[in-house]
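Two complexes, one shared chain (subunit A), two partners (subunit B, subunit C).
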Partner chain A sequence: MGLAFKLIAQRISLGILLLFAVSVLIFVGTQILPGDVAQSILGQSATPENLANLRKDLGLNDPPLTRYFNWLGGIMVGDLGTALTSGANISEAIASRLGNTLFLAAVAAVISVPTAIFLGLIAVRYKDRWPDKLISASTLASISLPEFFIGYLLILVFGVKLGWFPTVATVYDGMGFGDRLNAVMLPALTLTLVVLAHMMRMTRAAILNVMQSAYIETAELKGLSSFKVIWKHALPNAISPVINVVMLNMAYLIVGVVVVEVIFVYPGMGQYLVDHVSKRDVPVVQACGLIFAAIYIGLNLIADIISVLSNPRLRHPK
Partner chain B sequence: MNDAHFLDIRDLKIGVTVREPGTPPRDITIVHGVSTTLGKGKVLGLIGESGAGKSTIGLSSLAYGRGGVEITGGEVFVNGRDILEMGRSGLNAFRGREVSYVSQSAAAGFNPAHRLIDQVIEATLEHGLMSKADAEARAKELFAALSLPDPETIGDRYPHQVSGGQLQRVMTAMALCPKPDLIVFDEPTTALDVTTQIDVLAAIKNAIRLTGVAALYITHDLAVVAQVADEIMVLRDGVTIEHGSTKQIIEDPQEDYTQALVSVRSIVHQEKQPDAQPLIRMENIVAGYGSGPDVIADVTVDIYQGQTLAVVGESGSGKSTLARVLTGLLPARSGQISFDGRTLTNAQKDRPLDDLRDIQMIYQMADTAMNPRQTIGTIIGRPIEFYFGIKGQELQNRIAALLEKIELPADMASRYPAELSGGQKQRVCIARALAAEPKVIICDEVTSALDPLVADGILKLLLDLQKRENVAYMFITHDLATVKAIADSIAVMHLGKLARYGTKTHVLTPPFDDYTDLLLSSVPEMELGWLEAVTASRKMESAGN
Partner chain C sequence: MDLKTIPLSAWLGIFSTSLFAFAAIFAPLIAPYGLSDVVGDVWEPMSREHLLGTDNLGRDLLSRMIYGARTTLTIAALATIVSFTLGAFLGMAAAVIGGWADQLLSRGVDLLMSIPTLIFALVVLSVMPANILTLILVMGILDATRVFRLSRAVAVDVNVMDFVEAAKLRGEGRIWIITREILPNALSTLVAELGLRFIFMVLFLSALSFLGLGIQPPEADWGGMVKENKDGIIFGIPAALIPAGAIAVLAISVNLIADWILNRTTDLKGGRGGN
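Then we have the complex of A and B:
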């Protein structure tokens, strides 16, 4: 277990280091953006005195290093600062939106990951025969269509014609789990169709690669059924590439859903970020950027850890 | 059904469809109507060179075609049923229950993700033959019968945690566990070192005797199959050449081809005496990789002009590392190399061009040692251009002369490596080494990947070239028969040290040190009862100690 533990510890410390590097990048990046926040808050008619006062209040006159460490120190204790435009506490505003985004992503992941792996297994089992071709063609078609088109299509079919799910994903505090699930079903399905093809094709390719191994022949010559050979002997050795693609798509489900949120009027992080980018509300942009980066790094870290743990050579050294 | 013919292969034809880009698919027949029968508890050896169809025939008794291989005709009866007529579910119920399989490389044949015990009892459980507890108990009995260490717990390990020889025995236990009627052994000892091979061979033979299972034993090594088989079938290009009892095949072969196989490695090489001054002296060489431990320690050997130093040892003994030190690719950590009386720089990159030219290499895998996109002429011509700056017609003449030396037609120059056979490719590699007109050629296992008869041809060529060109060889091999055929002096390496070193006569004449004795006595000999004699004498010795 020593080797695996060492590798995982290494990955985690690298992840933390990377997160700090990203925080620097985000801070520097937002500093060199054109425009002046004070000016945009007060508008064209502001007097120079008002502008100077506001800059001082906002701490914009401090040296960049001081401002970076003040910002970072706040984040460490969970304080993401205040939005310049509304004066609202960012942490509070983000908390519910992040929760919504994570909920939607989780629902989409729970549907899409098992489906993708299952379809991948079926495609391998019937390689080059009609089920394989049908799966490849349909998942490719769904990835080729733009998200907004799929979204409106689903609204038309399941929302308007069949009336199974609400067309607008309204969620509010204190909503029950069942209602909430019902509300996010259409956006979750839209996201599923977007990420399914990538994960399914990677599963198929990774397993087919393993199917060339001599131990697959051994398993076949034991008289195991095709599906058992794939499930028991091929899949465990294909986990590492599959899990990496799964995590990449999970990250996309969390940070790349702006369009879907807009279509279904869903109060998630994406919309919040886009709103504040257009208002040049730097603290909000910084906070959202850092959260997205943390999610990306965290998910990839999980993929790495699962890869390490799925390798018996690392789990059980000689 | 008849116990004397429980396996009955009739007029078996096997083909493969070759799909090469740019040409229409072609059907090639690889087995042309082979028939045989096997009685319960008997062992039939299938022997032949690569491409003879022996593995393909072996797998057909599981109704299995590897890759695109298809059984195109004939019948295979096992226990009275034609298995070629079975559907998918019938085959699943048959495979692993009535017939099981032991592959060449157990290291690749075991799934790295599961514990050994789970894989060993998998077929037994799948076919509902025993309860899990009974199957595990049987597996442990088999581990003990195959003389595996710690039979109670070895199954809890993963494949990467046991050695190659042990893994091959575990695989035999896996094949035996469901109590099949027949086991197909597909070159089970070919990938093993010679001292490991003898143990595995003895274990397999013992297990066959204890369980009374019948076996098809596939190998290219007649001496090995002579130890385990009751009958031997000699195959060539998918046709049966000769089929008879083991005794008859070994002692009284009828066909020319069988006679050639029996008498292979009968090259007699007159040993030359060392000169006063060696061409190359490697002195107190210590070397290792990266920051790792020393792989070879304190090795001193001499190579004489026009003579062959054979470096022999098992995998991991450091023999290839010694070659890398001589080429300078791996600079020695300490020690020195003198060449023609002067000191040779340790690192290859610091050596003058002439020193590089004087030391050439030939590799084990001729396939990967040549650029597949260059013609044979380009491959051989490159060193001539590079070292001597010769171009144009003169270059073409030199290439033609080299092709003649390696006994290949001159029009080979315009062909590509993929169009050549294994033996021809190795000849081209020899020509490329000769093209530099070196003083010494390092031959790294150059005959290991070749069939015995082809390997014989290569050895004869190398000896002949040595006589004419007065070139020295450092000949690295794990095969003692090759050593006897070619060496003037021998260095036996074991765990990075010289176990024994001297002229051929000295090294191969008793009294031996323990390791050389073990190595020499482990080489299978083409006589019946050799395995029993050796294992019995080893048991006596260990009892005596």
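Then we have the complex of A and C:
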């Protein structure tokens, strides 16, 4: 277990280091760019007094390093500051929205991951026959379709014409699980369609890679059915790359959520971020940016850790 | 190159991409109405006067689509040029120089890529002035990270070849080695990537405009037009799907071409180039 433990500890510390570097990057990106933040918030018509006041409120007169550590220190204790435009506490606003976003992403994941793996297996089983070709073609379509095309098409068909699901994904506190699920069904389906093809294709590639091994030939020669060969012999050995693919797509889901939330007017983090980018509310944008980046880095980290853990050679070194 | 060997899918891609390019170049000549002329009722259905109907303000949708093609394609192309020039040059330079310069650039790119592109673009756009130059630079620089990785990987392979060694021994400078030895050998891979990056730019720009953070009205681009017409969807008016569909068709066409180029270059690597 020693080697695997060491590797994991290494990955985690690297992840933390990366997160710090990202926080610096986000801070630098919003503070030390040519545009004056106070000027861009107040616009061209601002009086010098207003500008000076706002600069003082924002702490823009402090040296950048002080401002960075004040900001970082706040984040460490869960204080993300207050929004410039509304004066609301950002941590409180984000808490409920983050829950909504994670719920949406989780529903999308529950639908897309099993479907993708199942269809990936089908593609391997019927390699170079029509199910495989269909899956390859759908990958091309799926990386080319913008999220809003899928989203509005689903709204038009399932929301407006058929009336099966609500066209706007409204959720509120105290809503029952069933209602909530019904409300997020169309956005979750949109996200599923966005990541499905890619996940499917990568699963197919990962399993096909394993299928070249000698032990697969043995399994085939001893007369096992092709599904059994794939399921019992290929899949367990392909689990690490498949999980990697799944995690990468989950990371993509979290990002794809931004556009999808705007399409469906869903009260999540993405909508919150976009609203405040156009209002030029820098503290909110920084906070959201950092949280999105942290989730993204975290999921990539989990993918790394799982691939270490699922490798028996690393778990039981000689 | 033998025209007969181009597969049907690539022809389809070339045909519809040229159609879009034609519309973009000759927009003022072929658009039946002006960009912002109100010529009818709000969200009129398709008719002989308005082939694609009218939009949320009663403007001719077809005309706006044609002008939109111009904006979308131009800005995506410019951003792709920024991304390629920057990424390819730095990537090859990193491979040729090696050592600390390579480390610095590669780790910097790793850091930039650890934040999702759209999120980082939103963070930066929240403080930058909203104009087209900013947009092109932000999109170009963020995307240059992908080109950097690819061109560095290709250049590292080429850099150890004998002919590069010979050039170094001849005393050629680094710039010469990058432009005369490495670039020609990396070109085919980069050209296939060019198509994919261009499509990514179209989708990226459209997403930003759709979120209201890209091209600002009254200019028209496809992503912005989806945003303008999205409220019609709830009343069963599909106007927003037309620009969204155009983006999809363009993306698929360019992908078909890129696929073909990619297959062709892998065939060439096989040595015989039989097809």
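Here, the second predicted complex is superposed on the first by the 292 of 318 C-alpha atoms of A that agree within 3 Å, B and C clash if a C-alpha of one lies under 4 Å from a C-alpha of the other, contacts with A are read in each partner's own complex, and residues count from 1 in each chain.
What we mean here is this: a contact is a pair of C-beta atoms (placed from the backbone, for glycine too) under 8 Å apart; a residue touches a chain by one contact, two chains touch by 3 or more.
Owing to the predicted nature of the structure, the values given are computational and were not obtained by experimental measurement.
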- Query: When the two structures are overlaid on chain A, which partner does A:Pro312 contact: first (subunit B), second (subunit C), both, or neither?
  - Reply: first
- Message: For the overlaid complexes, name the partner, subunit B or subunit C, with more touching residues on subunit A.
- Response: C
- Message: In the overlaid three-chain picture, which partner chain does A:Val262 touch, first (subunit B) or second (subunit C), both, or neither?
- Response: second
- Who does A:Pro146 touch here: subunit B (first), subunit C (second), both, or neither? second
- Touching A:Ala214, do we find subunit B (first), subunit C (second), both, or neither? first
- Query: So, does A:Leu25 touch the first partner subunit B, the second partner subunit C, both, or neither?
  - Reply: second
- After superposition on the shared chain, which partner residues are touched by A:Gly289: those of subunit B (first), subunit C (second), both, or neither? second
- Across the two complexes, what residues of subunit A are contacted by subunit B and by subunit C? none
- Note on the structure: Note: in the complex, subunit B contacts subunit A through residues 62, 64, 66, 91-97, 100-101, 103, 105, 108-114, 119, 122-123, 126-127, 157-158, 160-161
- Interface with subunit C, subunit A side, in the complex: residues 18, 21-22, 25-26, 29-31, 33-35, 37, 40, 140-141, 143-149, 152-153, 155-156, 159-161, 167-168, 251, 254-255, 258-259, 262-263, 273-274, 276-278, 280-282, 285-286, 288-289, 292-293, 296-297, 300
- Message: Residue numbers of subunit A touching subunit B in their complex, please.
- Response: 213-215, 217-225, 228, 232-233, 236-237, 310, 312-313, 316, 318
- Query: Can you name the residues of subunit C that touch subunit A in the complex?
  - Reply: 111-112, 114-116, 118-120, 122-129, 199, 203, 206-207, 210-213, 223, 226, 230, 233-236, 238, 240-241, 244-245, 247-248, 251-252, 255-256, 259
